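Once you scroll down, you'll see the structures, which are given as structure tokens.
In the two assemblies presented below, chain A is common to both, partnered first by chain B and then by chain C.
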Partner chain A sequence: MSLLQKGSRPSAEQRTDGNRLEAATVSISTKTKVQRRRPPSPLSVVTLIVLLGLVVAPLVMVFIGAFLNGAPGLPKSDWSLKAILSVYASPDYLWPLVGTLILAVVTAGLSVVIGTLFAWLVARTNMFIRRVLEWGVILPLFISPFIGAVAWNLLGAPRSGIINTNLRWLLGLDDDAVLINISTMPGVVFVMLLYFMPYAYQLVGSSLRNMDPGLEEASYMNGRGIIATAFKVTLPIVRPALTAAFFMIAILATGVFTIPLALGVNTGFAPLGMHVYLKMTQFPVNPPVAAAIGTLIFWLTLLGIYFYRRSIRNARRFVTLGGKATRRREVKLGWMRVPATVLVALFGLFAAVLPIIALLITALTPYAMTDFRSMQFSLETITQVLGSIDVWNSLLNTVWLSLLAPTLAVLVAFAVAYVVVRERGRLGGALDYLATFPVAVPGIVFAMGILWLYIRTPIYATVAVLTIALVAAFLPTATRFSTTGLMQIDPSLEEAARMSGASRMRAALTITLPLVRPAILAAWSLLFIFASREVNETVLLALPSTRPLAVLAWDHINANDPGAAAVVSILLMLFMAAGLLIARFVFRTRLDSSNL
Partner chain B sequence: MSIDTDRTVESTTANGSDLGASLSVKDLRIAYGEVEAVKGISFDIRPGEFLTLLGPSGCGKTTTLRCIAGLEPASGGSITIGDTVVAAPGKHVQPEKRGINMVFQSYAVWPHMTVARNVGYGLKGVSKQEADHRVEEVLELVGLAPYAQRYGTELSGGQQQRVALARAIVTRPKLLLFDEPLSNLDAGLREQMRFEILELQRAVGITAVYVTHDQTEAMSMSDRVVLLRDGLIEQADTPREMYRRPRSEFAATFVGRANALPATITGSRDRAEVHGIPNPVVAAEAAAGEGASVAAVFRAENVKAGAEAEGLENAWSATVTRFGYLGRTLDVQYAVGDHEVRGELAPDTPLTPGQAITIGVAATDVHFVPRAEA
Partner chain C sequence: MAVKQLRTALVAVLAAGALALAGCSSTPAPAPTDDTAGGYDPTTATSTPADDMEALVAAAQAEGALTLYTDGTLATQQAWAAEFTAKYGIQVSIVRDSGGPLYQKFAQEEAAGQGQADIFGNIDALSLDDAIDNGWLTEYTPEGGPAFPADRSRAGYYYPYLMGSSHSVIYNTNNVTPEELAEVQENPLKALADPKFKGRIGLCPPQLAMLAAAFWYQYTDGDGASDVGWEGLADIAANVAIITDTATLTQNVIQGEVDFAFPVADSLVGNALKADPNTPIAFVYPSPTVGTQFGMGVVTDSPHPAAARLFAEWASSLEGSDGLAELSGNLNLREGGVDGRAYSELDWFTPVDLDTVVNSAVYTQDEAFRDAAGPDGDFLGHWSQVFGYAG
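Let's look at the complex of A and B:
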């Protein structure tokens, strides 16, 4: 038996290097291991090709489109700098650019402040009926910003809005009095706040729930009160979630166009997203300028995504999962208890209850009457809408879209997560970045690229092209769920399978997949909602034969038929609720505030 | 091991006639980018031998084990299991093709499977009847037969450890790897599992490579211990040799409690001068050449005091600086000149802090080893 001892004792420097390596490794995985960089695996290569097609190709089309003098694909299109110059080198779009930025920052800032306050009230205090009120913050997700805007136009339009019409006679004002006017920029911010704030609530709320209670208790033991603890301990710890929410909402608000359009905003200023939509759809159409504006938005959101990714990366460091399940001390609100409850309840009223009532009233009254004194109810609008073949065709399209898009998105995302988290191959970083990238691209811009990419292929006139667009749009969310889910699985569970003679494939199918199932199903349920209600992309891609319910509602709005739009919106909400109920029973999964 | 015993275990675990394979690691190197975690180590294991890789965290022991398992690629050198080269430049046999198995530190019991399905997972290409039979037998062996239909997460740490063990031997591996399997158990259970693992390994006759940072585990379980430090082998010996004759200051202090006084070898090579102590330290064996910087190493339990110290080759006047009662012994710290010396005394020895006392060590208990660089 020979035992050899080779090599010389390492120098001190080498040893420090070893320590640094160890320290660097810990942040990647719980065990002190670094995977050696291997050549790209077949899976990572295939995934990369898929992502290039899904994410990069449409974007490239947008940039090509901006340098043409007609829509890409048209025979007479030629290279031209006209569109680029008219957007980048003229003052015409400077004000919309600045305005869009302000709009995004104001909306995101307010959303984060209110969302954080609500999350803290629900998670930490003795506010009344917290469980009920939490639904007021979650329900707006099902209503969607677009339907919410439709409903708020019914409620708050300056002339015929339900609120104005009825408050006039209730308060004895004359017929021209306008109490609220939703068709203004503050109105747009208000509606965005109602429907984007829940994202901030979810992100901050889950961060609050995952926080180790001991951190706050230690602050109380050191003689700090509730306010000091909230500001000195709690807030800094949830700060990564806060910044993540801020940039996520800012990016969403940058590309917004459905809300101002549905609210009939007619002021001098229109956000950039609205310009893109108008240039693509309203006479005279000018696709190159739309594309050029799209690239302008793209640079803005690129900046946003940089900060978003940074904050998400930091967020992982702060998560303290698996702490002891000690009961958390409830903050006693004292006299603030009633005002706090009323505040959160008001939000639920504005975001969920009033919009649903408005939609129901509009669906049930002929000619969309709004005056309660002369209200007549009839099922005429409903029977008329449900009697048309259009609505059933659209429902079928929505079914296809809402089943296919989440499924495919989750599949691609799982492949991405597997390469990023487990293989850690050379392509991991690139895949991760590409899969997060669609966050930076507003739906309308992305849809433009998809449109030009597929317009001359047979799939253009099918639901498939909508599905492709949505899969790309959902990749960031799906990847986030899959990556977090996968990171929570100890790699030695898979290694144990390899040691027991399982191939890489068998280990992934029998061990990894069943264990990430809950995360994947949660992602699927959320994306099901997103896919059902989506209009930002589909509105540009759908043809009358392929349009889903949400686009049908949009078309009714454009045709100035709010009654039909309300009926379709209600149908859409019922569809989402039914889908989630089925998912809950089939998958035994639950879409609640903890997994969004 | 008698033929009879072989027979009884043959059907459960052993791989027919050959019990376990030999393992040969030659000049193994593992690098992450620029940094080499393992810098060229070599050792051989006989079939059926129990070898421990011991060392502080970051010494490369787990990396080495994972490389033997095939979970980590080698950047140089070779690994041979039995007659098969599994890793060599340009060659990497996938872990599932190496015919070995491993027990993980986290147990890695699959939470979505019952105990029986966990254990039976590796029995592919075996008839269901045969597989069930083998699972049953192995569960019987580790004492988990009543828990076969439970889920992994419903078991205690010790039971999960047994599931992992059962799962690792049911595939009849030629080589069994242990990655700090006991470090998550509490002290009492750890001691018990130590004996169970050893008993199982002896009964089955599998070759075992065991990784730990716990020297007690290494000493009590292994046929041989390979002490690693910074990716290199510091010493490889039987536990007894390693304890009695450490080859370096690091080996002396890492395994057991040892004193190491910095010293310089004098003309007579069994003596060394220690700064601040009047008489040179005497060892039974001669060391490296005159003037060499060494550490005079002796174990705490060999430091005698009072009357016992008289007549020993090394006797120093010392002061008791502090002592702690450990139940079986009294842990004492002395000041000798400006050096600290730790010793162990009978628990009822009357002592007071600051007390002057004569302490001594027999020359046979002192070794000179190369001094560790600062």
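Let's look at the complex of A and C:
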């Protein structure tokens, strides 16, 4: 007992009746001793080395780059504090820092509120056509946020946007009437909301589906109404998921640059992520300052990661899997049924349907035309783009990337999760943190680190370097899925296999892996979409021979050819839909909020 | 055991450190090639005599491919490259980006010994000169090289195969009244300071490229300063709706989001009209303005040296330069070349007064400008302050 007082607490499964307590205590005490003495397993060491190469080394390169006066490796580059001082010791970046924080918090707050409302409406109420509307909420995942922003610029530009131009003549308004202006900070928040809210919906929706409906039922039985039950029972249970969603979206929003850039916002404020991009693309190009701003964002988001991890930890504590099946009561919305349906449908309309229509119009018109009365359609842009060998090369690269990156990310993440959940060694905590780090750095900054790190290796200018960048970027998501999946599997199953003579590897491969398969396939499906549409991590690293479709679309936007960009974007969406359909038939995995 | 754990951690940290250091190390620039050893070598030659042309074509076709780094318009470059491929059967890959980032990418690859480019082109003469100083562009004089203006080339290294362009004020022909146009044609920047143009103007900031910085510098410290100056720019700032890059600005003018935009290269209007003659876009030249050209040279460490040299020969020939002029709808700088400008016969077009055009090459040598617009100067910050630009 003395060892127990000094050491660890027994775990839930080890807390047992009085007759077994002593034996268990002895066993735990011995385990504690053994755990203390056990060296890191080969798996944990290999995983650590992989994470150091994937995550730490590129980050180190970014920090090194911030202390130079030019890009690392260039002939005139030397050590200098100038970039660091210009970012950390001058007021120039104070307002962008504060503004970025406000933008991140507002976007995350609104995303969580709306995501929670939608998740509740879909999971608990008698809203009309719920399954169809759920697709409207998930569909934005198929659209790259920068493509969505480009589409919204076509839709909501104050003078010439499709919405303003056509509503003016339809409603008989003045020529200078502006019904919607997307090129404003509220416009930026709106578009960010469209493409970040689905993350909140996933997290909260999943939590709602997993909770024991008996708890809500008990509340109703005790006379509480719908609102009181929602606030007193449901909300406290999903609160960890809400917190996790809030910090996840806030972290993502901190590094965003494509949306304000594509919307042409001219408000005198640019978020930090946009400053990074501008320092790497504007005259005079200044990679060290871009790297220094990247490090500033890193410290900021590290704080977010701390809270995000805390909330995930709490979320695990609150998972409630009831052994007794209770039928979930469907909340009758009454007169609110139609407004609620319209509200969720509007989201799908704004986030997916209208942007896709805008892209189709752009692809089918000879130049940017927004007035339906004078629109001329032609298939020339489509035939021209599809006749180019670049598109088919890019499609092939997209196929490789979207297969390789999710597969490798899921494998590495499973190794991390196994070490964290099953081995619980000292390295576990470090690996868990390292696997979360890529979230803390904007994609373009991380890609800069990858570029500086691998430019001297044979894998530069190959699809492999893009794959490495994507695997690193996807690790946080893949690890979250794998860790959660592993935690839901009783370790005694593996222990039984071990006691029957199976090696640890065999037990993991034959017992754990098949059981965790649904979680891994769900992660793979989601990462397949992310890998297909990703631009931030790949734009700096891609060359014509390795360029995926998403980067080709970005190149067309940069080259003043929105029609070609629209065609490539539509092709990309079709590819993602086809990929998911194939995955559904081959792996029997479905992508909806229940498995995300 | 603690020692063992420490050792493991140390090995891991050292592995990460080794990877990071590998990324920092500099690869020495390749030694200059020497083809003085006798016979013609199509992979190291500094020129190709007519008699050796066949050998060059054969060597280039054996290489079978080349990569072109350019900041020209992608669609035009692709169509131009396709003509080269059709003639010689050599595939051309194009890496397209804005001048600054393109040079960063090129420089990092060359410095790391990972050169991908065979031909490097850039609008910024400073970048091209820097590439020569670092030994990344090799000496090669194509047969047609001397037919390009000497003051827009660096003889033996790079020539303006692509085109010449001058910065202009572009406008939407559907949205601008004849009265407004008359005012703008007379003195564009002064006219656009009028409050009646509020919310109708888009600007390209000086941070976009050295050439854009040179344009604005003319109106704050150069020949246009007395007419406009910082005060005049403040009046224009009150009318501005969008500040962004030239490609986006051109789209915004075509779409009708803004009615005027500047400074935008006339070549972008040529591209747009070539793609569709009905595009509602035109331009006027302000006075003064800046002119430039897209220089191109052969890369020293070219993965396909013969194909690169053959491309330089073809690009400098009348066939190559005329083909590009026709495709791009822009000014051909080659002596005896066709005028491909898609707008030169249109009613609204008035040629630029060459006396009012300062070539970008002049600004690359101007110490005062380089200091003011460099990282330690205050010109860019001052401009951002006047226009409320966050970039």
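Some points to look at:
Criterion: the second predicted complex is superposed on the first by the 550 of 596 C-alpha atoms of A that agree within 3 Å, B and C clash if a C-alpha of one lies under 4 Å from a C-alpha of the other, contacts with A are read in each partner's own complex, and residues count from 1 in each chain.
Following the convention adopted for this analysis, a contact is a pair of C-beta atoms (placed from the backbone, for glycine too) under 8 Å apart; a residue touches a chain by one contact, two chains touch by 3 or more.
This one's a predicted model, so the numbers in the text were calculated from it and none came from an experiment.
In the superposition on chain A, A:Arg498 contacts chain B only, with no contact to chain C.
In the superposition on chain A, contact of A:Ala559 is made with chain C only, not with chain B. Of the two partner chains placed by superposition, A:Asn126 touches none, neither chain B nor chain C.
In the overlay built on the shared chain, the residue A:Asn222 is in contact with neither chain B nor chain C.
By the document's definition of touching, of the two partners only chain B reaches A:Ile511; chain C does not. In the superposition on chain A, A:Thr383 makes contact with neither chain B nor chain C.
Comparing chain B with chain C, more residues of chain A are touched by C.
Counting contacts by the rule stated earlier, residues 37 of chain A appear in both its interface with chain B and its interface with chain C.
Residues 27, 30-37, 39-44, 46, 57-58, 62-63, 66, 69-73, 75, 94-96, 100-102, 104-106, 108, 110-112, 121-122, 124, 164, 167-168, 171, 177, 224, 226, 230-233, 235-237, 373 of chain B are the ones that touch chain A when the two sit in their complex. Those residues of chain A whose C-beta lies close enough to touch chain C in the complex are 37, 39-40, 45, 48-49, 52-53, 56-57, 60-61, 64, 71-75, 77, 96, 154, 157-161, 183, 264, 266-270, 274-275, 278, 280-287, 366-370, 388, 390, 426, 451-457, 460-461, 540, 543-545, 555-562, 564. Contact residues on chain C toward chain A in their complex (touch as defined above): 1, 4-5, 8, 12-13, 15-17, 19-20, 22-27, 29, 67, 73-75, 78, 93-98, 100-101, 103-105, 107-109, 111-114, 116, 134, 199, 205-210, 212-213, 240-248, 250-252, 254-258, 268, 271-272, 275-276, 278-279, 373-375, 388-391. Contact residues of chain A toward chain B in the complex are 1-7, 9-10, 12, 14-15, 17-19, 21-22, 31-38, 490, 492-493, 495-504, 510-511, 514-515.
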